[in-house]
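Please go over the structures that come below.
Presented sequentially are two complexes of chain A, the first with chain B as partner and the second with chain C.
What follows is the complex of A and B.
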């Protein structure tokens, strides 16, 4: 049995530090998720408007984040704004800006799809039953939209958690950076630490994302 | 904007873009193969292999590519599996993309109505014939948009390769920013080159999508 370097985790505060690093990453993703959901719902409603100006602008927003890798957007905000506007954004701040910008567009598209997927006869039937506009939305449209939306947005949330690992590249001290530090510090005493530590990080991310994916799959089936 | 700088470092970006595309194409081809393999295992209900494929899909879909690459590049050599960054990049992209492709193909096949298989059987088509002439063409049409989205997603994911010291576009941009502080120019070239790679894929994809929209016709 070769040395897998797992013992490093139990030395000193290494495991706590690693979890702390994951906490930083999760904080960034949860903050971005919150902002994305609020902005995304507004954007989604805006996307269903027939106004050509709002159509072109929202479309442009969506296509930009669809085409550009998140890494490139991170670089643009982190390095670009310093040079062009003279802002001095921290890595965390840039990450939240980029992930919210990206998440809002994706969320908006999901909201748009969910709103458009409600057939016109639902509105008509509600009107035929004598419901007011507000009542139609409250009792007929929103419950159906939300049911379609929740599983899809949960998948988006796991994508955002996974993408947060990129913040390593703009100097945020998160779980990968902490791993690198732990591996460096124990280079002599346990040379195989890289295997054990990265394997642990791998499963930490898995544990963070998998339950959400499973729940999303379950809800999707149940609410079909 | 310093045009002289752009002119001078254009070849560097060109090389990096070629590397990005090379790894991207190889990784995507490999992930298509893995995806087909997993889908076939699922379709023919192969015992044991089916559970392994399902576990692989869950693991690969719920972890970030960057972590997968770190594990492959820095972790695996410790237990004696040593490779070069190039192979690691392709392997990582294939590991991630395989599960996305598998999910896409599988849901495409599942979306074809059961009555299609039954009708094929009643017409005397064998299992393989039904798959080849009835199920596959419809599944292709249904899953193509998601397939194209996967291709673009995987090409975008290549941007993390700089983490395992591959000289890709991100690496080049970061290097030039660090060396010469020509931030605006470096980032400008970075955006342009990613657009050059991804825009044509996106446009060609939606053109093919339009031509393949035949499944479910009349329903």
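What follows is the complex of A and C.
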């Protein structure tokens, strides 16, 4: 059996450090997901407005996010703002800003789609029962939108968790950065550590994302 | 029934429509409609597809904005700009062609939502009323079911009860059986017939001519956005005045022949409460 380099995991506090790194990654993604959902719902409602100004602005936002690699956005926010505006943003902060900017746009697009998929007669039946616009949204439209949205947004959330692996480029010590440190430190004693450590990282991401996929599948089935 | 109509005649109209005009862009859909509806009157609106009859009904509830004329419910103007529009709409119940129950709520919650949230009535009290009405149409066992578990006919009957629980003064029915399988049409029409017997004020758009004849106090024939003729159902169906109405009714000839017995059966049934 070849040496898979798994032994380094049990040296010192390496496994705990890896888990800590995963914790940082999850913290960044969960915070960004939370902000993205709130901003995304507002943005999604704006996207359905017929007002040309809101249309152009939201469209521009979405296209920027789609066209720009997340890495470029991270560099722009982390390095770029320091000199130009004199902001001293931490790597984590920059990551949350970029991921929320990205997540809000994509979430907004999902919300827009879900809102538009609610048939017009749902609004009309509510109106015919004497409901105000706010009541219609609260009791009729939003509950149905959320049901359509949750399975779709699960996919976005797993993508955001996976993409946190980029933030090591702006000096955040997350799971991938910890892996590199462990591999570097053990280059002489266990040269095969790269395989074992990255394999472990693979499973860590899997454990973080798989329950979300399962939940999405379950909700999709339950709400049809 | 005769007596009720006679009484209704001397009453003030509950709903008044004055030279109502509705345009979609350059297309004039309704062109100066005048109509007075008395309390307890059942008006059936018939006409060829695209004549504007559904649009007319939707205007009465301000689901469409109008370009001319006015609609008054007991002296209050109904329009998209009315300040009390949501209040006015509570007085007008409407049932649509497409099954429009709220899919995320069960039958009972569909019925209770507007009375409890909009009218702020006591949930238990409305629930009692809703259950009694559901029992009346034989659906009390479906109170906890979701709309997707019901047949089209059941959904429409629930939609009628949902509208009734708001205690509307006028009920509007927009081709409520048009999307139903034939065997489900009857169960829905029976419910509407019962409402007529209770003396409710109703405006009904339908393509069911036998039903129209049985239930109507007055038939209104709309063509090309105008009222071409109106009158008692027997007069309209047996002896239409205009050529266009004759043509229109001829498209139902096949149904009318079969309807001879059907009509009298329906008619005797609708009179049953007076007889009994």
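By definition in this document, the second predicted complex is superposed on the first by the 217 of 224 C-alpha atoms of A that agree within 3 Å, B and C clash if a C-alpha of one lies under 4 Å from a C-alpha of the other, contacts with A are read in each partner's own complex, and residues count from 1 in each chain.
We adopt the following convention: a contact is a pair of C-beta atoms (placed from the backbone, for glycine too) under 8 Å apart; a residue touches a chain by one contact, two chains touch by 3 or more.
Predicted, not measured: the structure shown is a model, and the values here were computed from it.
Between chain B and chain C, the partner in contact with more residues of chain A is B. In the superposition on chain A, A:202 contacts chain B only, with no contact to chain C. Of the two partner chains, chain C is the only one touched by A:124; chain B is not. Of the two partner chains placed by the overlay, only chain C lies in contact with A:143; chain B stays clear of it.
By the touch criterion defined above, A:184 reaches neither chain B nor chain C.
After overlaying the two complexes on the shared chain, residue contacts for A:135 are found with chain C alone; chain B is out of touch. In the superposed pair of complexes, A:75 makes contact with chain B only, with no contact to chain C.
Contacts of A:158 after superposition on the shared chain: chain B is touched, whereas chain C is not. Every residue of chain A that touches chain B in the complex is listed here, in rising order: 2, 4-5, 66-72, 75-76, 79-80, 82-84, 158, 162-166, 168-169, 176, 179, 183, 191-192, 194-195, 197-199, 201-202, 205-206, 209-210, 213. Note for the complex: chain C touches chain A at residues 61, 63, 86-87, 89-90, 92-94, 96, 98, 100-104, 113-114, 117-119, 148, 162-163, 166. Within the complex, the chain B residues that touch chain A are 58-59, 61-68, 70-71, 74-80, 152, 156-160, 162-163, 170, 173-174, 177, 183-184, 187, 190-191, 194-195, 198-199, 202. Residue ranges on chain A touching chain C, taken from their complex, read 119, 121-122, 124-132, 135, 139-140, 143-144, 147, 224.
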